[in-house]
Amino acid sequence: MVRLKFSIELHYEIDPPGSDFIFSIHAAKTRHQTVVSESLGISQNLLPNLSTDPYTHTRYLRLQAFAGPLTVRYDATVDISHHTAAPAQIGEVAVANLPGSVLPYIYPSRYCQSDRLHRLAVKEFGHLWQGYSRVQAIRDWVLNRVVFRSNSSTGNTSAVDTLVEEVGVCRDFAHLMIALCRAVNIPARFATGIDFGADPILGPTDFHAYVEVYLGERWYIFDPSGVAIPMGFVRFGTGRDAADTAFATIFGGVRGSAPLMQIEAIPDAKGTLVVPQHVPYALSTDGQWGA
Amino acid sequence: MVRLKFSIELHYEIDPPGSDFIFSIHAAKTRHQTVVSESLGISQNLLPNLSTDPYTHTRYLRLQAFAGPLTVRYDATVDISHHTAAPAQIGEVAVANLPGSVLPYIYPSRYCQSDRLHRLAVKEFGHLWQGYSRVQAIRDWVLNRVVFRSNSSTGNTSAVDTLVEEVGVCRDFAHLMIALCRAVNIPARFATGIDFGADPILGPTDFHAYVEVYLGERWYIFDPSGVAIPMGFVRFGTGRDAADTAFATIFGGVRGSAPLMQIEAIPDAKGTLVVPQHVPYALSTDGQWGA
Amino acid sequence: MVRLKFSIELHYEIDPPGSDFIFSIHAAKTRHQTVVSESLGISQNLLPNLSTDPYTHTRYLRLQAFAGPLTVRYDATVDISHHTAAPAQIGEVAVANLPGSVLPYIYPSRYCQSDRLHRLAVKEFGHLWQGYSRVQAIRDWVLNRVVFRSNSSTGNTSAVDTLVEEVGVCRDFAHLMIALCRAVNIPARFATGIDFGADPILGPTDFHAYVEVYLGERWYIFDPSGVAIPMGFVRFGTGRDAADTAFATIFGGVRGSAPLMQIEAIPDAKGTLVVPQHVPYALSTDGQWGA
Amino acid sequence: MVRLKFSIELHYEIDPPGSDFIFSIHAAKTRHQTVVSESLGISQNLLPNLSTDPYTHTRYLRLQAFAGPLTVRYDATVDISHHTAAPAQIGEVAVANLPGSVLPYIYPSRYCQSDRLHRLAVKEFGHLWQGYSRVQAIRDWVLNRVVFRSNSSTGNTSAVDTLVEEVGVCRDFAHLMIALCRAVNIPARFATGIDFGADPILGPTDFHAYVEVYLGERWYIFDPSGVAIPMGFVRFGTGRDAADTAFATIFGGVRGSAPLMQIEAIPDAKGTLVVPQHVPYALSTDGQWGA
């Protein structure tokens, strides 16, 4: 079991007459991810609206903030007891047998135009054994093809752009991998968390985007950007792509500065310290059928 | 109450080794739409997998078909007892107060890039009263701007393309209206049905795409293409856009011919015949909060 | 020397009040391509405006046609005495040494977004010897990657689309090859002619689009679609891409039917018949420096 | 007559093994724009290759620079004696009557997809009198629709993007205006110079992009971004769009800093000082037929 302690601090300056926010910065509560403790601080006197998506477990915090400065701070300690499995024993699921709740993740979405990549994906990956190793091949293909460069993409950059221009940040790697998976009928979704273990050369700790793929009977974790350590991913939100799970969606005139974030592995209740590391087996923080 | 009787017949020729299908051709069962009778005929000896999305009520039929010819025929008689309301009394809902299940419909999606249309939408519609009439203004703007022309778009055509090129079919009108609604934070979704009442000059009866917008406490019907009669829409599927609710999504090598469809208004159980017509009030086939 | 005899017949129905046309259906007159005889027939009583671009030798026929039916027929017999060279002896030209008239062909154009393909092109072709064989490698890459399928693209389809979707017609193969050449600083242009020698399975004789690349001191012919025989290409127009050299650009409401075309190799003035065939050496119909 | 004195200083740090540059920073020499004096300074010991496009008069400076620092400085004094005309007397030219050298400017180009805007342009501008005032209407439409914001676009931003997103810099205003002109068959081209008279709030003196439109028998100046004073435009390059006339096109690994530029109106040879101002008549620096 991994115990991670982290904090996120967000600062905004809001124009009159105020602004609505939807944040996705709370740790999800899943069968394999437990929130040991958490606290939320808001600098304005607001009534937060916190709701949980029944299927994805994503927790959405909605605020109606006044004009002026706003600080939102979230602290949490989370225990992750991964479901693990041997890659060679994890197969794909035929479209006909997918749970209904998984179906939306085989369709194209805003940033993942899988419909346009069908021919390419079949040519590159259509002949491979239909299981975890095929998804790993897609992940490696993306990682080898795309160059990581900070600030190389915008909010409008999609999987097709990244395929063509071969440069991006973690969000773009994730979108391209998702689009390629869906193009060969493998359900894939966008997940957000923190980049535990990322090389400091990439800058201070930041939000991270990665991929979850539905295989066997649950969602498994993949990190196509290769910059972080999957075993250290605290899951916040999941969705069809970045449109659904931005850490902050803002409705109004607002200026923000870079988030301040920290994360560390700490000893668990028994005093055992497990530091996340790269492992050769498949990881999931979901229960069976996404429950 | 409106009683509609319709049939849909689909013909395919499937390449070896067979193909998976996901159909969305069943009438949805909602608080205001009742399926009086229905029957499904499949020419191959297959076990159909029929599931219902718990939130949208969309019914998905999945088939694993063999190579060779396949005919799917669906017949149904449906009663629609619309929820109606006076447009002047239907307001919008602030983002902070939207039901969690409605949130996905304010985000951009594959064919509805609302994120790119924010400035345009605010300029055109930002100053209007925030209610049904604003949505009607968006609908009229789309109808006035875009020209209906059969076969003028492809499966890759999106709201941005339609905005630029100003030509399309019902699907394209719907995508552009949805994108503009979301760009001013109004939840909007894509709905499919049959084009009851469409001008025969447009060809034989066909599938139709229209829009549902979340206002007050439920989803209301709009027809931005203006070619059909909303009171006669039998709802099949709803989703974020056409990616989610194609009448047939096909996984494999398949050739199809044009669907054969018929629809007519018939007398209800009491022998009363109500023929759908254009009405000056708002229509919904949903219960409160989408239930 | 190759002697080719061909005819092109175009039929239009023009809406009131008439329409302007720009045709590019005349054989270019170059140092290596001689027009032995030609005739132009126009069914309306019009004054044709025929001009020649001084650099590309493209001949533009402009007509101001009346409403009603219009038939344009062009017949010609052309001698082509190719400049030939051994591929291994043809090098690229450094940007600093390109003739000024060639410079426009290293910049991106409407359908050839070479600026977006720089990283991909450098990765795939940057390490190769800088000469004819590198261009041949680009041509082969495009041919291997893209599938030829009639009616698979539209007038809006660009090199980026073809790279992503991997399907197209000769125009699309040409655009992608041109974009990749320019992305590694090799001047490339779009050329039009007739598809001499194309497999009849692709339909009746039609216009063809191919590529000319500036190497050594002249423009060499490449056929990325692989469907025709370069030695049999009668050159009509050249330009930056299909935007410049459509066989017909139409300004007004017009309906047209498929062009009727025929081409055959015939004996030359000395009675010798040379039938175009695939050859292992480089071909050009241009003089030095494009003169 | 206006006499303008300006300087441009460019600094680069070039990676091994060196880099090719194509600059377009020399004042064009036209019938109405005379270079009184000019000087070019290059910090490396290089042989500059300066060529002039015979039709556009654009002067291209090509350098093959070594790795290390490079400074290029250009100083010039230029006399502009504008051709002026009354807008009401300037008509458009029918496609059939355009000089051959003007034809390329009615076709779409990399950043000006006029082919996609035909329907919109005809609807908005098709009914207007075909002359200078129609072009002015297009210019005003663009100016009213698009918001000027520094750093709001990238090198990939095109007229279609600017139409959709309604924000940009001078380059984007120019591209959209050009695309709309061409969409109604009016030849339009991209021109570059310095932003004489721009509001200092927009930052220090910088390169400027504007539009030239072919009307009557010559190219007239328009400034769709509205940030500068057309009478003060020293013309450097013209082309189909920004792809052709970047002030610097760089082939290799190079880092650059912001250009240092200055421009001022000075007394002419007779001691008369004319300061550029907004004027109610049409301006051109071209001779008849672009000569």
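To keep things simple, chains are lettered A, B, C and D as they appear, and every chain counts its residues starting from 1.
Going forward, contacts are C-beta pairs under 8 Å (C-beta built on N, C-alpha and C of every residue); 3 or more make two chains touch, one makes a residue touch a chain.
All of these numbers come straight from a predicted model, not from anything done at the bench.
Least step count on the touch graph, chain B to chain C: 2.
Each chain gets a centre from the mean of its Cα atoms; for chain A and chain D, those two points are 45 Å apart.
Chain D has its Cα centroid 48 Å from the Cα centroid of chain B. Centre-to-centre separation between chain A and chain B, using Cα means, comes to 31 Å.
Among all residues of chain B, those that touch two or more other chains are 116.
Chain contacts here close into one cycle, and each chain has exactly two touching partners. Applying the touch definition to every pair of chains gives A-B, A-C, B-D, C-D. Partner chain C is touched in their complex by these residues of chain A: 116-117, 119-120, 123, 147, 160, 163-167. Chain C contributes residues 20, 22, 49, 51-53, 60, 62-64, 94-96, 100, 103-104, 107-110, 112-113, 115-116, 155-156, 185, 239-240, 243-244, 249, 251 to its touches with chain D in the complex.
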